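Below, subunit A partners subunit B and then partners subunit C, in two separate complexes.
Presenting the complex of A and B:
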């Protein structure tokens, strides 16, 4: 007979499962964490390599000569920017037309749901300027994008200058097979979102923009340039985009290949590569780089202007020039050559980049870990939930052996009321909906009542609703007439554990980092919580492992990783601003982290809180 | 006895002269072909396969230079590199870096271009099974006295060659196509050159007579490309064809270089892969096959100052045209051809000389020992 259909063997398996459940869970958890930490160990990673044949092994000789002229243009741009007090539209249009591009502008405006204190804006109005370099002999079916943001103040002037210098150089060449669009966007991500929506005729975020007069064909790849100094010491590559989406690894490979060819120092996450992987400090360096990437991906916000392209299946990355205190400086001509080489290679593409990985982690710029290698870490954590669910199922199927008196027996025989299980579910989800909608809706009321700004009102309302949810179990039980049964909490826990497993699984597929971090904190909660554990201690642990506190710790951890540790005060303020940015990201660009946490993860956690206080 | 000796030496001299005359005539007609054809095929498309087009065009250029006209060349190019949008030097295809040699020129005639280069079209060209509407330039109109050069290049593997990134031709199909050509008497001798990875696998299966094959690499080896050009941004040629082109540039229509020199082109030190060749199906000795037998279109011409009287045209008798009966030549004299052994080039003394020598020996013997012993023999 088969393993599962033979009653004897089945009984043996089940008893094994129930006896060893907790040890196996603990072992799985340790194994999952160890696997994750081992991902950064260099022998377990693979070297990056170019997968796309069309971008193959031959390089061209880059000949971009006009670095100095680019810097002069940048200075002119800066002067005009100061004079115009924003984007110098007329000057930009005139300069781009002088370089032979077809120039168009786009107006956009957006009223934020509440003022953004980090960037100090509320009613945003702006103009994007872009010029299209038409391919001399090709049909206008494909395009590449090079963009530089127009930021207020003194930053990114050199980026715009280099963009215009490259535009002039590219215009003189005849080997372009795709149109190249040179875009200068205002108000960074908001402007970029308006431009992309206008280009692709979609309107997902409720922004107001004028339609684009000129188009260039379907965009194959995009690079965003951020350069704020005349000379740089290294170039940083930023890959993480909206909702943790990453561009195709071939784009990173291309960047790395050219860095090596031209001899520019290149970093990822701002960290240089080290060769001593077998020493402790070398390993911890890779771990730090990988954890920075995990943190950035989990936050779900676009970390550069490129982040919004990924949603339209356009491979994009941001390149930042960093000027630190190093002796060897690279000038703008070399950066121009690097970009020229990259664009010539992208020019050779026949199809969109699809040969290399879309899901990966990079412990350094030359090594990567693909989805096949990092998913088992999450899988081991998910297995714990499944084991717990099986255990509960077994407990529910076989009545417990103890029979103290007849009354207890009778109670256990009767099945738990559907109401007693459904009520916590519904109430938790309603709380989640409240957490999602109330902060924005009632910000005016809150501002009238309390002496706080709108942003603070929103954030504090969110925290308020969150904490109010903690008081729910007592109120729920007052509502219910009867008392919950032993079976009742088991059924609820079974439902909650399976719900959490599905939720975390789906999240990890789309955004592995977010799924893994949530799993790290929520899986122990789900595993050990019962009404019979010591209440006060477990309540404390549950609160520590709740999503809000995970976010708080992540903020501190992130600052530590970046080697900018903060004190508790500053950390708390940073935490509040992270919450407000998260809510803004959702309304401005469609980031899904805030609705996920508010509508799904928080109710799930509340279910466990309910189980803890089950009577 | 002196009369005999004199007679004997006269016999010797005449036999020798006859032999020399016969030898010259043999050399005059040793190759057996009267016209030359070339089928040059490049099977890959896309900009990064620039080198395959450059390979084919280099061989085209040599073949044209050595005398084969465009009407006898079937050139198949799967993609247009000269007018590709990514070509920084439009209307050119270079084979040497620093743009020394433009093999595209201004008189290229491509017969099959772009998507017309398919396995089906290639096999139809070889076997002649083309629809009646096909123009002459797209046909291989060879006969049983044609020497054909077939050159293939592209991406290949063990036993197959990839056409256009979407289909393959296998070595069995190719061997069968050549057998069809043999049975339809579409070639006299055929030289097959292939420059792909694992090219030797393509000629393993040949079984028709009079085929000689060369490949740029053995099974399990990759054929490598030669040099990238930094201005154009691609590899310009494959190694084997690069050195083949260099070799062919030294050939002129009157050169006497033979196939053994062609086998030595691109040794392992230059090519990294090991070029291979196959001559067991070829009936002549490769050392006697000239390069120009396949790569050029060399005619043997004898200039004469005599006048030749042509016969009078046939006059109709009694106003009627004489009807001549025609009959078919034996289409498949295979047995004759296959079992015909090549003439040995080693020099043997003429038969008359041997006979005379033995007669002399016998006469001397009997002179010495007397005629009475003759009785014992007869």
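Presenting the complex of A and C:
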């Protein structure tokens, strides 16, 4: 600080920073990207370890014997599902009651803002059935949840069968200290949303549900089970929840520990663990796994039925049975024992899971990158914005160089009016509001006018508004305050750069992946754009790096990572459906990515667009 | 009256001596096969003593009445004392009403005599003494969880004083009840656990159950029908529910041996009456379950508004034990499990909302009576760290606002006393009444957190007290065979009965700091504040000027002269 209070040295430091500004920015950008790529390199990451004492040191035995019977129950469930043409409510109620549970049902209905073409639903009506295993001598203050979705078609019957089998087995045990809720939810996430809202008596998304009759107190942890075949080869753990929230890392550790103990093959992001971290293919494997997690987290959508629990501070994960690695088979009894072990350990918890990390990335199930390790990657990108802001600030603050005849340029001295900054800000934000509201508002009109379905109408309106935003008369401030000045765009850019820095900083704190991906594309834009660069080329680069194109590339990249490459045509259709899913996620579950992009990131990007075309 | 010396002989010679020295001891066990297939066993041990602890009367000679409790009563001028320890929650929907309701954890309420001047001080001492007697954490009762209910807890014994200044009520919902509480409780019995029904109280079986509750009630009662003098009554009760699934290993049968791993061979020799009752009301023809050995003795009583029939086994009769000299009652279920019950009054409570800032407590009260409405008294005692927004209190039934006819609210004081809310609410027939109130979670000081802060903080059960219309009075169909003269007016003497329902306690998470490294956090914060903020503030507020070297002496003198002349300085 002594360095800064000495005016001479301060001047020297500032001149150094302004002179070397561009090289420093480039170095920072490279360093940020390199740091991020280094996170997947195994020697740089930490091994996972169980932090929670109550789960780490206690021993439990797994004795679940009834896998075959669970499969039979699953087949029975499937037959009744077919007969009922949906959730076999009466059968489930009767079956759960016969297993000694307190059984309750919840009806719910929801009209989607526009039809969901992926899942073919519009007016959703359903029933959740849940049975509570009351723990002996427990005062109904704590509960654990095991859920299995009742999906249409033939999938997931085995999960319901196993759930009922576990319920029967758990009921005869004496050691439970927490109530266990066995939930079969219809219409996957919508049913789960209804149940959770009913359980906590909140209504964030305007859904209709009937109030719940039975509760088990505060839910400590939840697992969602998805199984679609009698025999599986590996269990996949899904962690990413709504808005990129993750459960406590101890839940993942618990799953990994039991997979190791019982000898079940376990995966994350559908990727097996590899031991050859020092080879190129081994490294690229863990980069792939980590990038998949980053992409999924950035999308902000729940990647399993567990995703909605996280909002209520309930640690939750989905466990999916995968049947692909052919040489290795696990039967349902083993999966039952795995779940039994996990629930017994969770039952031993004295406090909520809180000891381990809530912010992490996983390049493999046995290694993790904590927030302290990945944040510098983002910080290196964000510092570019601050450097540019400093540069602009210095340029604005230093008096313009005297011209040879000793007369200063009058125009440059006059500081730009508030209006010249405020007008583009207001206009771009109004565009953002239009992008947020118009697609839903105008879907009916669009359907009447054009030969498109509601979903297409919404998506195309969104793209239309987005594109129209580029063509808006951004230089309206000229009408108000005359010609755009050299000072004017500098002030505007200063505001825009700081705005972007705050925006990305906040986003990265909540959802690192989203913040990092946005920073990766928006920071170069913010750094280089001025009115004096070649217009056409810069405009092209700006569009390429805009949020919408980032999304398009992300779609292709994601498919590439999943080893399911798509053609451009398919990719475009996928892109459209991703947009509609994003909008639906916002209206159905309260995902914040769509409003964040529409109301804040897009207007911020428009400011840079505005600077490029400053006159 | 018999003296202590020939007491022992008296047992052998005349085991059924009654009313020794104005002492009387009775024991009984009620077994009720529950609707859900579980079994409910309720023990009651009653000691009555014709003596007077009141007005500083020195009592030094104890026989059946436990001395430890007698001394407590006289020292602290207690008029009535009720204490219960419960592990588990009574499932009204499956089990119906219990004989003695109690909330999960420990509950203590005491009426002091009006001669006590410093009630709070006496209460404090009393809880500490009881804590020692029952090996429980009753010493955690302090002003932050003690309330004085104005209407919900009236004296159960004789006496006219109902000034609630002399009442103290506290619950400890966290209290865990185990063998260490059972042993001192058993020691209060005249026969200990050596003879009589108390031999059944083996802790490894009692705590292998769905519900366990033990209680001690002391109150003054009338000595005779004229009620000129008072006696002291000590009731020790123990209620336990055995789980069909856990304990029966799939076989649907129960026996004394299976439940308690003991059979009965004798009554407590000091007991004037020792009986086992089995509730066979739902089983008049033996279609639900079968009881063996059969007994010809039947007894009828109106319990909780319902006329019940019981088979009675009198342990004082040798014939009860049969030829094998031991009684092992056996109940064999025949039918399968039933659906859930619809008790006339039941209640539940939960916390709504998410996040760590605010929340809402919902209390639901169900009146399942088809056509009668009845009033209930709701008592809520909420710790101070949940700051109730009392203006958000709403009471709704059937979608309409239901204005309570009586509200007694005492706001909390931080770290001193809890919120107390008592309301008299009329429950319309066949309805759900919902009471909601919003709260804000307070930030505790960091020493005030419990050692396991992430477990959450408990809020004790709400207490709902009510006079519920009885099922006997509800019986309007005249098809039942009974004398015509008795059935004209529908209302009967026992037209309503008193019920107390406890809701489940709540577990609420408060905003909790990360305690793992407070030292690091404190150091880091202080450093950042001291170094970063200090110098940044300095930089921002200071204005920098180039300082000119100070002028020489001659110049200064010249300037002074110029100043005096009124000329600008050099």
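Points worth noting:
Here, the second predicted complex is superposed on the first by the 596 of 615 C-alpha atoms of A that agree within 3 Å, B and C clash if a C-alpha of one lies under 4 Å from a C-alpha of the other, contacts with A are read in each partner's own complex, and residues count from 1 in each chain.
Keep this in mind: contacts are C-beta pairs under 8 Å (C-beta built on N, C-alpha and C of every residue); 3 or more make two chains touch, one makes a residue touch a chain.
All of these numbers come straight from a predicted model, not from anything done at the bench.
In the superposed three-chain model, the partner touching more residues of subunit A is C, compared with the other of subunit B and subunit C.
After overlaying the two complexes on the shared chain, residue contacts for A:138 are found with subunit B and with subunit C alike.
After overlaying the two complexes on the shared chain, residue contacts for A:394 are found with neither subunit B nor subunit C.
In the superposition on chain A, contact of A:60 is made with subunit B only, not with subunit C. By the touch criterion defined above, A:177 reaches subunit B but does not reach subunit C. With both structures placed on the common chain, the touch criterion links A:348 to subunit B but leaves subunit C unconnected. Comparing which residues of subunit A touch subunit B with which touch subunit C, the overlap comprises 136-138, 173-174, 350. Interface residues of subunit C, counted against subunit A in their complex, comprise 87-89, 91, 93-94, 104-105, 173, 207-212, 243-246, 337, 339-340, 348, 350-356, 360, 362, 452-456, 458, 504-509, 512, 516, 531, 535-536, 538-539, 542, 544, 546.
Across the complex, subunit C is touched by residues 1, 4-5, 7, 97-98, 100, 102, 134, 136-142, 171-174, 200-202, 215, 217-218, 311-313, 350-352, 354-355 of subunit A.
Remark: subunit A residues 53-54, 56, 58-61, 135-138, 173-177, 344, 347-348, 350 touch subunit B in the complex.
By the touch criterion stated above, subunit B contacts subunit A in their complex at residues 46-48, 83-88, 90, 228, 230-235.
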